[in-house]
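See structure below.
Letters are used for the chains, namely A, B, C, D and E, taken in the order the chains are written, and counting of residues starts over at 1 for each.
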Amino acid sequence: MTEERTGKAVAPASTVDNNVDRMLPQRTLWQRLVTANTFWTGLVLIGLYVVFSVLRPNAFPTLFNFQTLLIEASVLLVLAVGMTFVIITAGIDLSVGSVLVFSGVVAAMVMEGLHGGDATHAGWGTILLGFVLSLAAGAAWGLLNGVLVAVARVPPLIVTLGSFGAALGAAQLLTGGVDVRTVPTALRNTIGFGQTMQIPHLVVVAAVVTLFAAWLLHTTRFGRYTYAIGSNAEAARRAGIAVTRHLVMVYGFVGLLAGLAGFMNLAYFGTTTISGHATDNLNAIAATVLGGTSLFGGVGSVLGTVIGVFIPAVLQKGFVILGVQPFWQPIAVSIVLVAAVWFDQTRRRARERGR
Amino acid sequence: ACGGGTIGEGPEGGQPNKNLVLIPGVKGEPFYISMECGAKKEAAKLGYQLTVQAPDRFEASQQTPIVTGVLATRPGAVLIAPTDDRAMINPMRQVKDAGIHVVEVDTTVTDPSISVSKISSDNEVGGRKAAETLAKLIGERGSVLVLNTKAGTSTTDARARGFEEAIKRYPNITYLGQEYTDNEPARAAQIVSGKLSAHPDLAGVFATNLNTGEGAATGLRNAGRTGEVKLVGFDASPKQVEELRTGGVDALIAQDPAVIGQQGVQQAVAAIEGRPAVPQIQTDLVAITKEDMEKQSRYFYRTEC
Amino acid sequence: MGALLEARNVVKHYGSVEALRGASFEVRAGEVVALIGDNGAGKSTLVKCLSGVEQPDSGEILLDGRRVRLDSPTRARALGIETVYQDLAVAPDLDPAANLFLGRELRRRGLFGWLGMVDKAEMRRRAAEQFQRLGVRVQSLDVPIGSLSGGQRQGVAVTRAVVWANRVVFMDEPTAALGVVQRERVLEVIRRVRDSGIAVVLISHNMPEVQAVADRVEVLRLGRRVARFRAADVTLEELVGAMTGALHQEDAA
Amino acid sequence: MTEERTGKAVAPASTVDNNVDRMLPQRTLWQRLVTANTFWTGLVLIGLYVVFSVLRPNAFPTLFNFQTLLIEASVLLVLAVGMTFVIITAGIDLSVGSVLVFSGVVAAMVMEGLHGGDATHAGWGTILLGFVLSLAAGAAWGLLNGVLVAVARVPPLIVTLGSFGAALGAAQLLTGGVDVRTVPTALRNTIGFGQTMQIPHLVVVAAVVTLFAAWLLHTTRFGRYTYAIGSNAEAARRAGIAVTRHLVMVYGFVGLLAGLAGFMNLAYFGTTTISGHATDNLNAIAATVLGGTSLFGGVGSVLGTVIGVFIPAVLQKGFVILGVQPFWQPIAVSIVLVAAVWFDQTRRRARERGR
Amino acid sequence: MGALLEARNVVKHYGSVEALRGASFEVRAGEVVALIGDNGAGKSTLVKCLSGVEQPDSGEILLDGRRVRLDSPTRARALGIETVYQDLAVAPDLDPAANLFLGRELRRRGLFGWLGMVDKAEMRRRAAEQFQRLGVRVQSLDVPIGSLSGGQRQGVAVTRAVVWANRVVFMDEPTAALGVVQRERVLEVIRRVRDSGIAVVLISHNMPEVQAVADRVEVLRLGRRVARFRAADVTLEELVGAMTGALHQEDAA
């Protein structure tokens, strides 16, 4: 080791080299875009769309196919948007599919009941009542979930697994297990498959919900508290955030969206499809996680979830159009799912390493 | 595919659209596979091309995107087993509106105007046949139980409904009602052994599909009551036929899926080629017991073509 | 002059562990009290009880001589009590500005604000200002604070408490991870806050620091107050003696 | 404030009051029992058993019912025991049901293939080969999961959701979607339904697996690393634990157990039951969490999982025996599930508060 | 005498943040080197690079004058390098004994040990002994260490590093949360470890402590070494000057 010398002062360099200006500059739009967690997953989605379009130029990139892709994803999108909120709080909601069914059943039965067992020709008053009841039924389950999670402190997985079973059971109990099959024609023709200038109304509803949720999550205090609770619930509590109340509200919101999804489902299918929503929960969770939301909470975005909903939807549709053998389809979808997330993770890690 | 506005009639090039698509209710069930076999054979005979696209589960929400996806490929005709008699109306109508002929196979929707032809076997009748067969097997006395799959599944619900209706006509038979199994054999076995504990006089079980049948057979076997408690299953997949042969099951209610597929293709081709199609065709349903199983072997389902 | 905030005979159990066995404590407006004691003496627990995070099993808490129930941190904050927790209690996924304003977000003006929209730009600006004022160095206001260094995180937590307090600030080892310069700055901040009439409670294991900044010292040992000193009169040996149990004041408890 | 006096030394009290003896005393058995996380859930289980026995003294507390309860829970128990390991590492495995099916299919097809399409009369050589292949197939999926989770760092939920789809797809592809119909009678009669002194062999297998897993988790280095990784993976890595390898092994172990469960399922049902395992994953997760294992990792026990498997099993069996109306059953099961966990949480919190 | 462990021109980026911009560092056997610097200077990052936790982007690391690749913590531990991390890196759900032996569990004798069974009783006993020796107070060996106080946790982490090290011990602010008595004990331990011929690297913001225990001081500033001192010769002002950039040694880097 070389001989050490006692240091000598060379410069009166300021002891504080940070200043407001240095901290403040916003990143450029492009920087923010590329570092956004959703950028690469978004690229995957676009890539898939392009590949299928090239493979089947007559069938895939058509207006009709685009419309049906959007319509068929609408209900799941509404569920997944809600799921994004719960997962950001480090929770989970397995009950969405059952709550959807329950809300649809409540709305359908009331509408039918008001019209003596056949709601086909019911008017807008009835429809509106059905709509409100559907939302109310969904919100009620959601609030129940929220209270059990936040007040009774039962782990969300257990609570919502419970309401997954209970809401479906309740729906079956109400209907005797048989789908309610008369739905107002007015409802079906407007919300179910009405269009305005080639834009399906169901898609409009889903888009409005998504935009609202994005606004709520990314710009409001409600959204910020959602992130804070998922990031460190104890810190949030000490910061004076009413964690319990907020969690109840988040679960209630998800329930409300599931109720809305139930009503949309009713309008679309014209029946309550009781047996058809067993895997909605996993689909919604997969979409959310695929979109970059962390199951450990604190991280996530609505835009990511939108992308996460459409990647499997585009894949499945593409495979059907390509005529891929049915048993290969789930295998191929799984591979692409895992690959997309893996690609995203790799990009993020590379970015964090600064390369 | 040949695209274009008027599909199937083939007036432009004079060439009819020779692509057919079969959309069964769910993938990988012997019933639908046998149907596929019948359909494929017939299509080949007539010089047509038949592809199959099936949903993962027997659910409208799963079948709808497949229907619209198939629609985008514009085949000449679609043979479909709708999973819901209302929910599938709209997507099927879209197919029809695009000028594609629709043939309903196995199940139908409530709107009769969509398909050119319906070839179906009546599940409710099947349920009734099951009740009669089971009543005979148990000497018309004792308790009986129905194992259903998931509430809201149209086909199995119809079977259970038919069974319930018919079984009530036997005064000495106690109907214990139906239990739902979520289509899990394990749950079916659990219910059967539980019912055996609660009702030692249990004499017969009607299992509405393959999975419930397998679970029920296991439950009975586990309790050592095979053969003593009579079990009637639905469908004649190879596994079930095997069980029938070895005594795990006492009777099967079988449909004739191959014929459904064959007829479906015939009607679809008729429609494509501009000939009149037969609007409604009913196919057979039979009860097969161990005694007459050799005679009825043509009803056994196939697993590959 | 009476005590601003006072705790009397506070008892707190965690399971079978008795963290506080009748601890008393007091602080007056405009003074810096150092709360010292060995590891596990119960200092942090006492702070938590006095900032509404934990509920004592028994004992009373008085603010301005009146009994208060601090049943939530919100309540304590509403009464003007702010705290820098030993475990910091920040949201690691949020950026420094969001953490600074956590629970007290600025809303936008007008309709948007009424709808709950937060004013991110303004919060960023004010946060930068405050960090600047307290000399907290953050290389960027856009990163989640989970990726900052321990010292930087501590700086954010201190800033948060100081900005919002208007009666009492508890600082549970606020300088533990701080560099020499930042530490000086925090001590300076403590003095400044004290001079503005706010009571400051400083927990520290650094005796020179305690002697430099505190007006009084209270010593906790095994969950009880065992000694109180005027900082000007006390020697290092006395402080260490009180903490280790070698020295005992009869009337301290 | 009273006048302060300068302190004076009163006692030369030792500055160190801890000593080895004070730290060492083990708690008594009773103390450890009552503070064990599983104690209260265990009480719930016993309580349920007692209640049903009182309600149906002729049907419920019978040897037959007890045996069938055990037999019917065996397959799920094996899955849930594996699940406990993954969840303790803060992971999750949604693929177990599909892997079970896949392994069963591989074993059954090979056994059938060796006997020209009918394995009914196959001998023990064939059965053993089937057994080994079943384990191997399960372990292979598990290792694949593990590699994707630990090496590629894809979130476990996405990875195993992928293999959930892919393993089932692969099983359907192998079989054309049709259950393999012949299973060696020798296998069915010994493992499937065999008994020795009233003890069903299937139960023996499950019990051996459970005991082995409990030993592995609670007394070996492997188990300790599993907890350490779930508790703080970075700390484990810095402590020199080969986190990646260990995670691969844990997922491989779960896969292996799923393979075993597939073989047990084959022996029990005599067929591959391809379409009958869609909710095995949720059932296994619910059992694990009900047994006190935390989804955030680091905490859990095999005994808890055993209890968690039997609570729903006893409930469902009891409801069938009581003849509860079918639609009420899922509702009641859900309520009891949530209530049991809630009760457990409350007890634990009370204990932590020392009351 | 040459350096035991030496780092030359180590560069490390985190995303766009340059944590180390060509940092050099060295420590010899049997000496205590204090590594000091402002918050965010890169001390912890350097320690992580030297204990195999992070991989530097460039630069070289020499042990006994030979280049080594510390590609994992296991590798570093195998070479006799132990570390007390600033974030402690303990498993909060495990008890203190399990943490002490983490990654180095004692196995039972005979068949059971060969099967991988750990000897819990023996580990408990030895852990109690070691905690006793270093004066770490843990009220019970049966609780998960997540429920211990910060100081207690730090005590466990220090014990772990000291027990296993045989060449170099890095201690990243080991005394930050410690009480006066425990701190003295840790400093004593550091001296004792040094005397046994092991190199000790101490990171601390407490200058009196640094001056009391270190033989040499190396100063990091903005990711580079800016000064080196013999502890005996240096004044507090010089140390602070070097850390803040007021003082600069040309040949230090």
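Things to note:
Going forward, a contact is a pair of C-beta atoms (placed from the backbone, for glycine too) under 8 Å apart; a residue touches a chain by one contact, two chains touch by 3 or more.
None of the values given here were measured: they were computed from a predicted structure.
Relative to the C-alpha centre of subunit D, the farthest chain centre belongs to C.
Farthest from subunit A, judged by the mean position of CA atoms in each chain, is E.
Between the Cα centres of subunit D and subunit E there is a gap of 40 Å.
Each chain gets a centre from the mean of its Cα atoms; for subunit A and subunit E, those two points are 45 Å apart.
Distance between subunit B and subunit C, defined via averaged C-alpha coordinates, is recorded as 71 Å. Looking at subunit C, one finds that residues 14, 17, 137, 139-140, 181, 244 touch two or more other chains. Shown for subunit A are the residues in touch with two or more other chains, namely 15, 172, 177, 278-279, 327, 330.
In subunit B, the residues that touch at least two other chains are 27-28, 151, 180. Those residues of subunit E that touch subunit D in the shared complex are 51, 53, 72-74, 77, 83, 85, 88-94, 98, 102-105, 107, 115-118, 120, 124-125, 128-129, 131-132, 135, 137-142, 181. Interface residues of subunit B facing subunit D in the complex, by the touch rule stated above, are 27-30, 33, 151, 176-180, 182-187, 189-191, 193-198, 210-211, 214-215, 217-219, 221-223, 237-239, 242, 248, 303-304.
Residue ranges on subunit B touching subunit A, taken from their complex, read 1, 3, 27-28, 51-54, 56-62, 64-66, 68-74, 84-87, 89-90, 110, 150-153, 157, 180.
Contacts from subunit C toward subunit E in the complex involve residues 14, 17, 37-41, 44, 86-87, 137, 139-140, 147-152, 155, 173, 175-183, 205-208, 239-240, 243-244.
Of all the residues in subunit A, the ones that touch subunit B in their complex are 56, 58-60, 62, 64-65, 68, 72, 75, 172, 177-179, 181, 188, 192-193, 265, 268-279, 313, 316-317, 320-321, 323, 326-327, 330.
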